[in-house]
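The following pair of complexes shares a single chain, subunit A, combined with subunit B in the former and subunit C in the latter.
For the complex of A and B:
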């Protein structure tokens, strides 16, 4: 979760620091634009060495930190543990 | 009641009578609107339970195209009204206020306008707002500066976007309905444009106050993805198809008249007619494929919020807007001086000017810019038929 928060800080272009966001908080309401969402996806792919399949490329998958973690976990169960 | 298309044809006949005057004087197509109300076209998209007809998107698009063949501005006014209606139909069912408002649209044949565009550098950047709703108990107020609102003066209600509150970031938006008695429009710009002159897309400062219940319960991001973006692009494409078709028909008549005058000789314009017919078919497939994809997605076949769907719906707009201009350019080359003049049965100047609004109505470059970002992630579906 901390790594996800770091990446959000770097690429999410949010007005608030990611550490202040609850895992279930809506990132779009927090200011995530569709441009930044794509940049965030690309950064997550790079950081966790994963590739998001088409079925995950939607608003919902990237709407909260918890959702992002669930997607990453599904694609690479060990990625978040390390 | 006669079919929607039959009634649309009656309204189109009225629109055709006034289209030249509407264009020349840059005035609203009042007679066509009156005919739409008389034939209850404004409530066609609303479900039967609220007093509408529950028409399918395909039928609404057909009506848009029929009207646009007579008068581009009339077709665009009807299309924009239905785009706003679609947001009520898709998202308003959960709220008592919006359900009652849908009944009012049917009973009173209300015309809905749209205020998404904003000054201060927002322009057509739909998913960002500067202005914000201010809630005070059960009430709320909103002021939007630099709003470009087609038929703002003639609208009976306006659907408007804003930030969800004074502290919300620009992309955290809501949409609200205001009825005519709840707002003032201070005109800041008069619409004197190249084409679509009858849409009367004047600039205003909008100031409104209403019940907080008039704000849609779900956020605007959701509304934009699920109803506004796809239906807007589909119905705009239907307008441009109608306008392009009308210019094409004039060019074809021109060539046919020539062929009758000089039998056994294929007129020089005939080849271009064939070429234009090809483009017209691409325009038609582009739009009808989008309608089918949207209808399938709505029934759960595809995620309306997926990147793939958004890319496809943006491509519909770009394709249709570019091709409309190409078809009409062909029509102009075919009809020559007769098409260029404003006073012949083959005139296509109005069609060309109307269609030239298509690539700039939410700039194609802006849309390409958004899509170039999405295509860093999304892979285009390899299957031809899926």
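For the complex of A and C:
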């Protein structure tokens, strides 16, 4: 979760620090734009060495920290543990 | 579909309405074709005339620096057309001519110019409006018309590489902009029905590039930002978007720093009319001879 928050801080262009965001908090409501969501997606792929499949390439996958973690866990169960 | 039967493009070319250039999606237009375009243009003007739109016309090329800032290359790198020109000396010119004569690649001394082909009629408008300072309290409405370029060669006559896009653009507070789009969704459908064309309005997305584009397209649909008015032209299964109704939220307002009278970031929306697409839809449904079109359609277009 901390790594996800770091990447959100770097690529999400949110007015608030990611450490102040609850896992279920809506990132779009917190100021995440569609363009920033795309940058976030690319940065997450690189950081966790994953590739989001077609079915995850949508707005919902990047809507909360919890949702992002769920996607990463599904693609690479060990990625978030390390 | 019958393989030997002439396609709609074949028919339009045989009738002399479109003129082949040897490049798919790049055609000349006949006087008859232009009469229909002009008629539809007048109809669009008539419907929008009460809205106080300021008429602005830009050439079909825009400032490259503004184009770069617009974000178009983030979303649609595959569609953009940039203008290049020769930049060498006498010796390089001789080499250019030699390459040409030998049928070789001659593009080595071509350098990017400051001009990019306009991808959508409203792209040059936003930075222009931003320079004027804060909007008046009622916001603004603009009337645009420009040849646009999109690099997507196709034998479908409705998918041209160079085509005209008429637009009304609303810039203002969110409620003003949303109301404008809702009004045109209704007006646009009535207009096309007046022309006795079968049509329906549907949620849509722009052709964003690549995997990242899938996320953009999904967002655009989830937020209901783009609607298209579709008319079956090439087929019933894949009807052609003849009008589009786009709500950009604060995307362009924030990018260019357009402020409302109260200092908020302005929202924008536009309604776009595909001039050639509507013309070809009319030719497809009412026939290639304008004189034989239904009376009410000719009256609406003053033909």
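Just so we're on the same page, the second predicted complex is superposed on the first by the 82 of 82 C-alpha atoms of A that agree within 3 Å, B and C clash if a C-alpha of one lies under 4 Å from a C-alpha of the other, contacts with A are read in each partner's own complex, and residues count from 1 in each chain.
Methods note: a residue touches a chain if its C-beta (ideal position, glycine included) is under 8 Å from a C-beta of that chain, and two chains touch if they have at least 3 such contacts.
Predicted model only: the values in this text are computed from it and were never measured.
**Q** On subunit A, do subunit B and subunit C fit together or clash when superposed?
**A** They clash.
**Q** For A:41, using the defined touch cut-off, is the partner it touches subunit B, subunit C, both, or neither? Pick first, second, both or neither.
**A** both
**Q** Answer with first, second, both or neither: which of subunit B and subunit C does A:30 touch in the superposed model?
**A** first
**Q** Please work out whether A:15 is in contact with subunit B alone, subunit C alone, both, or neither, and reply first, second, both or neither.
**A** first
**Q** Looking only at subunit A, is it subunit B or subunit C that touches more of its residues?
**A** B
**Q** In the overlaid three-chain picture, which partner chain does A:62 touch, first (subunit B) or second (subunit C), both, or neither?
**A** second
**Q** Once both complexes are aligned on A, which of 25-33, 61-69 or 97-105 in subunit C overlaps with subunit B?
**A** It is 25-33; the other listed stretches have no clashes.
**Q** Can you list the residues of subunit A that meet both subunit B and subunit C?
**A** Residues 33-35, 38, 41-42, 52, 54, 57-60, which sit in both footprints.
**Q** Contact residues on subunit C for subunit A in the complex?
**A** Those in contact with subunit A are residues 71, 74, 211-212, 214-216, 218-220, 222-223, 251.
**Q** For a test of understanding, state which residues of subunit B touch subunit A in their complex under the given definition.
**A** Of all residues in subunit B, those touching subunit A are 127-128, 164, 168-172, 219, 221-222, 225, 303, 305-308, 370, 373-374, 376-379.
**Q** Over in the complex, which subunit A residues touch subunit B? Could you list them?
**A** Residues 14-15, 28-35, 38-39, 41-42, 52, 54-55, 57-60 of subunit A touch subunit B in their complex.
**Q** Taking the complex as given, what residues does subunit A use to touch subunit C?
**A** For this pair, the touching residues of subunit A are 33-35, 37-38, 41-42, 52, 54, 57-62.
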